[in-house]
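Mind having a look at this structure? Questions to follow.
Chains: A, B and C, in written order; residue numbering restarts at 1 for each.
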Amino acid sequence: MATPLLEIIGLTKGFPGVKALDAVDFALQPGEIHALMGENGAGKSTLIKVLTGVFPRDLGESRLEGQLIAPRSPGEAESLGISTVYQEVNLIPHLSVAENICLGRQPTCFGIIRWGAIARRARAALARLDLSLDVSRQLSSYSIAIQQLVAIARALDISAKLLILDEPTSSLDRMEVEELFKKLRKLRDGGLGIIFITHFLDQVYEISDSITVLRNGCRVGCFATKDLPRINLVSHMIGKAVQQVEALEQKRASTASIRSEAPILEARGLGRKGFLQPLDLDVRSGEVVGLAGLLGSGRTETARLLFGVDRPDQGTIRIGYQAVRFNSPRAAIRCGIALTPEDRKVAGIIPNLTVRENIVLALQASRGSWRRLPVAEQEKLADRFIHALDIKTPNREQVIRNLSGGNQQKVLLARWLATEPRLFVLDEPTRGIDVGAKAEVEKLIQSLRQEGLGVLFISSELEEVVRQSQRVVVLRDRRKVDELTEGEISAEAIMHSIATHNLERPAA
Amino acid sequence: MIRVNPKYIPLLATAVVLLAVFGTGSQLYPNFGTPRVLVNLLNDSAFVGVAAVGESFVILSGGIDLSVGSMVAFVGILIAKLLQVGCDPFVAMGIAVSVGTVSGAVMGCLIYFFDLPPFLVTLAGLFCLRGLGFVINPESIGIDHPFYSQVLPQLSILVAPKAVLPFTAMCFLASVIVGTLLASFTRFGRNVYAIGSNENSARLMGLPIGRTKITTYALAGCFSALGGVVATFYMQSGNPASFVGLELDAIASVVIGGTLLTGGVGFVPGTLMGVLILGLIQQIIIFNGTLNSWWTKIVIGALLLVFIVLQKLISHRGERGAIAGR
Amino acid sequence: MIDWISDLLFWIVFGSILFFLRGKRIFWTVGALGLLLLFNQFFTPGFFHIQLLDGHLYGSRIDVLNQGAKVMLLSLGMVLVIATGGVDLSVGAVMAIAAAVSSRLLVTEHQPAGVAIAIALVVSVLAGAWNGMLVAGFGIQPIVATLVLMVAGRGVAQLITEGQIINFLDPTMVYLGNGHLFGLPFTLTLVLLMLLLAFFLVRRTALGLFIESVGDNDEASRYSGINARQVKFLVYTFSGLCAGLAGLVACSNIKSADANNIGLYLELDAILAVVVGGTSLQGGRFYLIGAVVGGLFIQTLTTTLYARNVSSDISPVPKALVIIAVCLFQSESFRARLSRSVRPPGRILKPLASRTPQNLSTVTPHDSRES
């Protein structure tokens, strides 16, 4: 067998308290498009960052064309022949296309830049991708798809052995993706090795030759794409063998419906271009609707559209029987919606404020700036929730950033419970928290259901979704592909839907 | 319909304003449009202009330099004092420029290595240099040196009948040319633009952030010091109490010249135009006689506002076509 | 004899206050002030000397209270602005405008002092609202937005005074900056009143919580339903009010309105006072009393230098050193380099129980600094 273009053996990398990569092996042949897949925390990003020298490795080695390499910075990796194009297209928006391609390596004559040469070089680099642009135009005047191709052109111009693409298609539409794939195929046929990180299942099967799946820092396996059925891929990523699934299902929550006929949420054709394809979604009082799908399938996007963080450009939302339009979270909160966001560090906790202040924040916000909750009431409220949710904190004046992730999450839940919402959207509420806390959160969700709230429960952990939900909406690649009702819900069924379903039956 | 590269729009706006101001002046006052007035304009704004060239680089990189005015005053009194004790003028100027460059580099190091806000660090520079100027000499010192009184006046060029371009103006124009070359024709200059536009991307692209940032502030210090040197030519004296608020004029010139205060966008020739606009406004007000000098500040403030809002609108449109991410 | 008893009394009171504050952030600010005063106690003869003349107290410490009133007033407004993550560069110019308006109304328009003061304050509130509109309404960066008024404001003030320095003798106006109440300067009363007002405005309503929330994590605050725009608008407006009052005090001090010099560079002193008082420039938690004490500290520094015959022209140099020292102290990179053994590992701060770090999508400066 020919020497692999890239060979990684036993790569290990740990951070305080966490092992991001555990003896991972990886091999890439020249002239191959190799997909790297994995759910949250699988280690894909870390693998790339260690490979390109952003982080130093703990153990293991990498070889490029048989030679041992150990770059200490992305710049060094580039000079060795490995270039990375990130999801955010890390280029300079205000400079021209030509400049972006040559930045840092401009041809000079006694220190003076030769602009003519830059333009020529840029055009040549783009020509490798069959792309012809006005290279003197500002980069930001072009669409993301084109900017990405420029980023790829730059990467190739620097070094043309191995190209790493980190989630390149997240912001592209169908046609742009096809264009990109056409060019990638051409590059591959020319001998380039491409590592393609993505979570879009359909695309993986469309473009890649091989797939490596990571899970929790370990390599699950490397497969030839054409030999791997989709259901197997999904089960590898989630970590559950299809047959074993039944054994892992625990006692399901009481399916005796407490639902009244009152719909709390009725979304029809809700969507936003490039963000989420139009979908229908219902949540009734006393019902838990699970939103299942792989990372990036559109679950958080749905939550954001419902909460007014992003504005939909099509579709309608009805709360109760009233049609509403949210242009900010404040409006959504006023209608009785609560959202615990996926990323609690960025959009959730106010890190330097105390537990008490974090808990009362949303309730206070709904009362406005002038009608302050008396401190005694705030303290009572905080104590009530600290007790009810068993939040482990020395006292209510503890600064929240010192709490563990699980307790921080509980404080966020408390914050929203205090507003007594009608619809509770929980985006990955159990992420990064310990088993005990998880169980408590699940108990909480059930008690909410008993009280007649509607709950939209988003989680990557299938068993959780299965345990909690009366209905499950399945998403894939930013669109709704299936809806499972009582009796149909099982982890296996969800996985099948994710893998293959194409919404043959009408939405419930 | 000619399609204009959007990056040139602020520059065009500046040019339009410049022409408008100049046109207004010429219409109102018959002697306004003469070469002599123009030459005087260049002379009067020379020291601001030189300093503003340095300020342009700092602002382009996404930072700010508040120490400019103090540096000009400091250099002025330093040179005057050195000349007073018998130092050779070229040595004195050399010392002054070196001091300026080093102090700029020091500020750059503090900003880069410790992540300190440029605003506060250069503010400290403002205070420090201002005080040190008084340490050198508590009062102004007149400059009485043959170089200044005899050589300098001869270094001017006759550009038109009755219009002599003095050496100060030549320094100004030379600074603009050097600044433009640096900004548009060296890797350093392009790195400055890149960092100002998106520092994170610049880092990921492997550009030398530290080196570039420190050099930028050192360069600004150098130009401010040069501005101080030119100021001694102009004032024929050094005064530690002078040029209070000069940094505001420099910053205003840069912004009105089409450079985004957030960095990444702008041109050094734009700063030249900005300085000229400021000078012209002042001239119009002087010519008028009835309008008072405070109108200068108000008009400049209004111009600033217009350009800031214009920049905001442009960057809004740019953002929609730009990098989206999640 | 009387002197050292009163000094002892002072130190006992000061010491107990310091003791009472131990463990709180403001301890350091008061401590720094204490060190400065201690230095003066031993090395500056006459600094602690207090006289009682005509029922008024006089002495260096009283001077500090009186002269420092302007900065303390400004810092009350500035601290709230900085807490939201912004800055207000225009306060010096607004001071000049307030001084100009009040003097003009008083002298040229022959209005009673009450009217002059009231209108001056209204104008300064409007100036603050203007800034608030630019920042909160148009989303313009605070440095940029307030720069406009900083530049134009003095021109407006000079326009109002028509380039003259307007002198006045109106007893009410003069009392503002020079009068005494209960033996102490009236300006002290003004500062305390504004402090009380600020206290009620932010600590007795939810506004303080919202300000800290917005400054600490703007996005999470919006997710929680806080009207960040309203909060920001209000703090700039309040800053304008504080600047207006400071301007009135300033012109009262010199019994005239000098549009060129009133408040010159005072915005920088105010920012410094806020930072010395414990509030971070990034925003978030703020300390009202800390800001006021910070202003006291700066004024004490100035007065100390003056008392030691350091020319007031040179006094900016120690100020510069203080700025750098405070910045370094607040800078994480500096503290990290100082304790070299502990290198902060970028953004990976999740506790042990959680899964792999998620926020590794961008490179952290410490990890990839090119050599």
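Criterion: a residue touches a chain if its C-beta (ideal position, glycine included) is under 8 Å from a C-beta of that chain, and two chains touch if they have at least 3 such contacts.
Worth saying up front: this structure is predicted, and the values here are computed from it rather than measured.
Distance from subunit B peaks, on a Cα-centroid basis, for A.
For the interfaces A-B and A-C, the C-beta contact count is higher for A-C.
Between the CA-based centres of subunit B and subunit C the separation comes to 30 Å, rounded to the whole angstrom.
Spacing of subunit A relative to subunit B, judged by their CA centroids, is 46 angstrom. Averaged C-alpha coordinates give centres for subunit A and subunit C that are 44 Å from one another.
Shown for subunit C are the residues in touch with two or more other chains, namely 362-363, 368, 370.
Contact with two or more other chains is made by residues 73-75, 86-88 of subunit A. Among the residues of subunit B, those touching two or more other chains are numbered 200, 204, 206. In the complex of the two chains, the subunit C residues touching subunit B come out as 87, 138-141, 143-145, 147-159, 162-163, 259, 264, 268, 271, 275, 281, 311, 313-321, 323-324, 327-328, 331-334, 337, 362-363, 365, 368-370. The part of subunit C that touches subunit A in the complex is made up of residues 204-207, 209-210, 212-213, 216-217, 219-227, 230-231, 234, 284-285, 345, 348, 350-363, 367-368, 370.
For subunit A in complex with subunit B, the touching residues are 73-75, 78, 86-95, 99, 103-104, 106, 108, 111-113, 136-138, 140-144, 147, 170-171, 274.
Looking at the complex, you find that subunit A touches subunit C at residues 15-20, 40-43, 45-46, 49, 53-55, 73-75, 86-88, 216-217, 307, 309, 328-330, 333, 339, 341, 343, 345-353, 357, 361-362, 364-373, 404-406, 415, 431-434. If you check the complex, the residues on subunit B that touch subunit A are 5-7, 181, 184-187, 190-191, 193-194, 197-198, 200-202, 204-207, 264-265, 318-319, 321-326.
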